[in-house]
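Please read through the structure below; I'll follow up with questions.
Chain IDs A, B and C follow the sequence of writing; residue 1 opens each chain.
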Amino acid sequence: MTLADTSTTAPDLIARRAVGRSLEAPFYTSRDFFDLDIAAIFGAHWIFVATDAELPEPGDYRSVALGPHSVIIVRDDDANLRSFHNVCRHRGSRVLDQERGSVGNIVCGYHKWTYGLDGTLLHAPSQPPDFDPACFGLKPVHVRSVAGLVFVCLAEQPPTDFVDVAGRIEPYLLPHRLREAKVAAQVDLVEEGNWKLAMENNRECYHCDGHPELLRSFFPTYGYTEDNLPPRLRPAHERYLRVDAELRQTCEQLGLPYQLIEELDTRTTGFRIQRDPLDLAGESFTADGTAACRRLLGDFPTPRLGHLSLHLQPNAWFHFVSDHAITFSALPLAPDRTLLRATWLVHPEAVPGVDYDPDTLLKVWTATNEQDAELVARAQRGVSSPAYEPGPYAPTEYQVEAFCNWYITRLRAHLRR
Amino acid sequence: MTLADTSTTAPDLIARRAVGRSLEAPFYTSRDFFDLDIAAIFGAHWIFVATDAELPEPGDYRSVALGPHSVIIVRDDDANLRSFHNVCRHRGSRVLDQERGSVGNIVCGYHKWTYGLDGTLLHAPSQPPDFDPACFGLKPVHVRSVAGLVFVCLAEQPPTDFVDVAGRIEPYLLPHRLREAKVAAQVDLVEEGNWKLAMENNRECYHCDGHPELLRSFFPTYGYTEDNLPPRLRPAHERYLRVDAELRQTCEQLGLPYQLIEELDTRTTGFRIQRDPLDLAGESFTADGTAACRRLLGDFPTPRLGHLSLHLQPNAWFHFVSDHAITFSALPLAPDRTLLRATWLVHPEAVPGVDYDPDTLLKVWTATNEQDAELVARAQRGVSSPAYEPGPYAPTEYQVEAFCNWYITRLRAHLRR
Amino acid sequence: MTLADTSTTAPDLIARRAVGRSLEAPFYTSRDFFDLDIAAIFGAHWIFVATDAELPEPGDYRSVALGPHSVIIVRDDDANLRSFHNVCRHRGSRVLDQERGSVGNIVCGYHKWTYGLDGTLLHAPSQPPDFDPACFGLKPVHVRSVAGLVFVCLAEQPPTDFVDVAGRIEPYLLPHRLREAKVAAQVDLVEEGNWKLAMENNRECYHCDGHPELLRSFFPTYGYTEDNLPPRLRPAHERYLRVDAELRQTCEQLGLPYQLIEELDTRTTGFRIQRDPLDLAGESFTADGTAACRRLLGDFPTPRLGHLSLHLQPNAWFHFVSDHAITFSALPLAPDRTLLRATWLVHPEAVPGVDYDPDTLLKVWTATNEQDAELVARAQRGVSSPAYEPGPYAPTEYQVEAFCNWYITRLRAHLRR
């Protein structure tokens, strides 16, 4: 007998999800859904985990936690990316215990089992004659880079439509030459909320009044249409229309694609990409909108390129401006804890203190992320109340609805299997 | 298959509870019983949450956690109390994130949904034409004040006998004029034990040797009768009888009710009220028994009024003396963690440093609460052992038995529904 | 319906355990197995909990946690050891809240119920006439000392073969006269891993490259045979053979038993005992192998006695050298947390700063334990990945296999009951 009302199962909740409304509480609070999200979402889709810039040389590696999984991404001697489960085939010890580093071979720190950069077990001391090293290579994980962004997929059969998505977004990304870029900073922030609340927070600007630093250069009209634009945003919208026309002209001249593609919930690899203008100087995410770094990415002839914005399901978003790029990913730690990782990339030869002031470069999004962490924690506390019931998304929150719709669609597909 | 012995269900444990003995371990340690307590006890009874003195003016609010619930209590523009679930009807965010404050309207900090002090949704930006604000008011919670003590009830149909109890206790409380009082201090203490162990600790003085500060003015004979009085307490009892006779005479003269009413486990709203003398100077909870505050509550003509003591099921107790009042509540945080909140009230015009020394005012009960926290933690650790089995309450622990009996009776009533 | 794959039950996992391989993940990570381990292993076997040296005088006591159990071990007025559950028979409070001390009677700190050193309830204040103290003595726990090592057993019927094991190991231990020894230090270390990973770590020297301090005096060939000895260890092995011959001669002269007895997984009370030489000066666990304490245990005529090593299932190991003894026990705190307790014993008249330098005495094993804690944490993180699968133990890890085999055998015996 159950004392609390736990008779509603996860499949019931998935089946009855109301379109246009936030999810029921267990999606955000229960261990069952956390485990399901790891299996059905993070274990079955292409997940952004790093940038090529984080592993420039052969032997460079990153280890990344995807829920209970730990994944190694390493550059092999042919400069190709490889990925493996970070689990020794001997007694299961974590092989590499640091988040990043550089190695010749991959040596487990417990009993020195030694794997090549291709995962082959090269040496396991003191084994009996019938021991076959070929049976004990590191378990491989699918990995690929798209224009400098590194993705892994834990599934045996990764979603095939990723190839198409990669082909659609590469023309937008390649001019920023991220593969050549270097990491200026990486900041991890633990948000006290479910990863989906972190994503829902990202997918709308309905709450942007809480981001004074961001709103200097970012148009607060984001997500609104002529139909639902609040009157107070009308002047900003007029300004947006004017600089958007300019931006389109610049893009045409430079051959930069800028058209919106929005397929957030109509495919397995949901995504959205668009180049949009910025306010004030229109160059970058700074207090006056001017570039934060003198050296531009990709040797662009002008810094005034707005921001190329990429949203990827399930857990990543990106802003590419002329002078730097920022990647964001929301990595689930627990039902009510999420790691938000932000990485700033600049021109490979940009010198801190000379070409850019790191404080200026990081300021807007560091402040914005911290503000969002407060909001996500507050949302988590709220939905944990038994009095919570799903409420309606406003039209300007259509991307939040698209996220939830994509998510529910993927869970249903998982349960059918 | 279950490996540990979890075959005994909560209803089994409730059904077989042995009268006169402490509860079986899962009542104190399991998540199941914690959830049941929230639903059947804290979600279904009138719970003391604040004093009128904490919200004197329109717009003043408190937010209080009752397990996973967060409840707002706010004074509206007509000076009436209102209470709501602290959950935004949009995406469930906690509306007010502070424990206390003062507001014009109740504005959610996430997307600025704006509610009136009556809970009506006044403004939700950028909604479609068919959006009906009337469907999205804050969910109301029953609230009422009894002589300056504020209670909420989360149930749709609150227990009706509360009206009768309020009527019975008001004549005792009103002379202390708590509605006009002011808060001198509020101290929160986290006890590392189940809320019921905190209550059991409160409901007997069998352990009072552990409270040297309290025992200066508090008679250690509390809870004993002529039949079971230990010989060593005989002198104190003689003293008690003498000053009790005096106190009764004073009460008769002043028209203060003092008779014991004890209906702890014979009704839904179990309670006990009585005026009892204090030792030494007989005025207050201080080292020498003299008043801690020169300004007396309710303009009493004498400080020598003993203490009016009120016990309420499930989780509150109170001491009203001539110069101040103290309220106590045990708020469940987890199966093994409880918030003990104590609030000191004094005459509205009493000036700290002039009319009272805050250290002197707080000293006895702060020390006593900390001592009790140690004992509750120790009890929690003990009952967590598989070797624990319920033991017998002594006659002087009859109020502990009454608490458990009330509690079990209420659980049985809940399970019948 | 289960969303994650939890359809494999604990009995299934126990039944299908693959010989020669590490255990499947739930053995190390799940609450179910933690509870089962407490019931079937720690609740059913003789567990090493202290040394006689920790309770030399009547009234001296230790309290020790065995999972959720707390056990008192006390020396009674006849100098015999007694053991009880540390749970008051009144309302279940922990009776003694300190880890060690000295008492006349055992008095519960809550309501002063007073028990004799034999567990009899001597005094419970203010009870009714029909209260029978004989029904409320402390619950006894089996306890016995073997040559100065104190064991308890929580089972009603302790394993009977312990008598035989005690008789087999006493001739090895008695010459070290541990009953007369004194405690030089006790160090507790919390390892972030399952207790079985702590044990597996202890039962092999395949990882000993990670112990530079230990390997000064400890032969790295431990656990290897001529068949599987790595070539790089050949010189050490030659050295070992040479000093082992010397050691055997010394032992013969002094009448010290040294032959290996190894019955790790062939009986209920699995054990292994052997005297082995040490490297360098061959006397003790120090940087140069010389004794750390001038006063030798048992008035040995020479310090050059190697180390007498005792392994006991489920959770203890010991090293007895001429100048001191060290005991180790791995006490489960949670599925992923284990207390490692190490105790150093020296001659009762050895004076710190005169006969021994405490830093020197503690250095090697303190460093080794800290290194092992890192490895155990790393192993715990690794086996928590869904990608982990049990891998093969190398021949030199045969004692790890014996530990797992003993453990699985005991679980199967438990489930049959």
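Just so it is clear, contacts are C-beta pairs under 8 Å (C-beta built on N, C-alpha and C of every residue); 3 or more make two chains touch, one makes a residue touch a chain.
Computed from a predicted model, the values in this text were never measured in an experiment.
Both chain A and chain C derive from one sequence, and where they touch, under half of the residue numbers involved are common to the two copies.
Matching the C-alpha atoms of chain B with those of chain C calls for a turn of 120 degrees, to the nearest 5.
Measuring from the averaged C-alpha position of chain A to that of chain C gives a distance of 47 Å.
None of the residues of chain C touches two or more other chains.
Taken in their complex, chain A has these residues touching chain B: 1, 3-4, 22, 25, 200, 206-207, 209-210, 224, 228-230, 375, 378-379, 381-396. Per the touch definition, chain A reaches chain C in the complex via residues 9-11, 32-33, 35-36, 39, 43, 68-70, 85-95, 97, 109-112, 124-128, 131, 136, 139.
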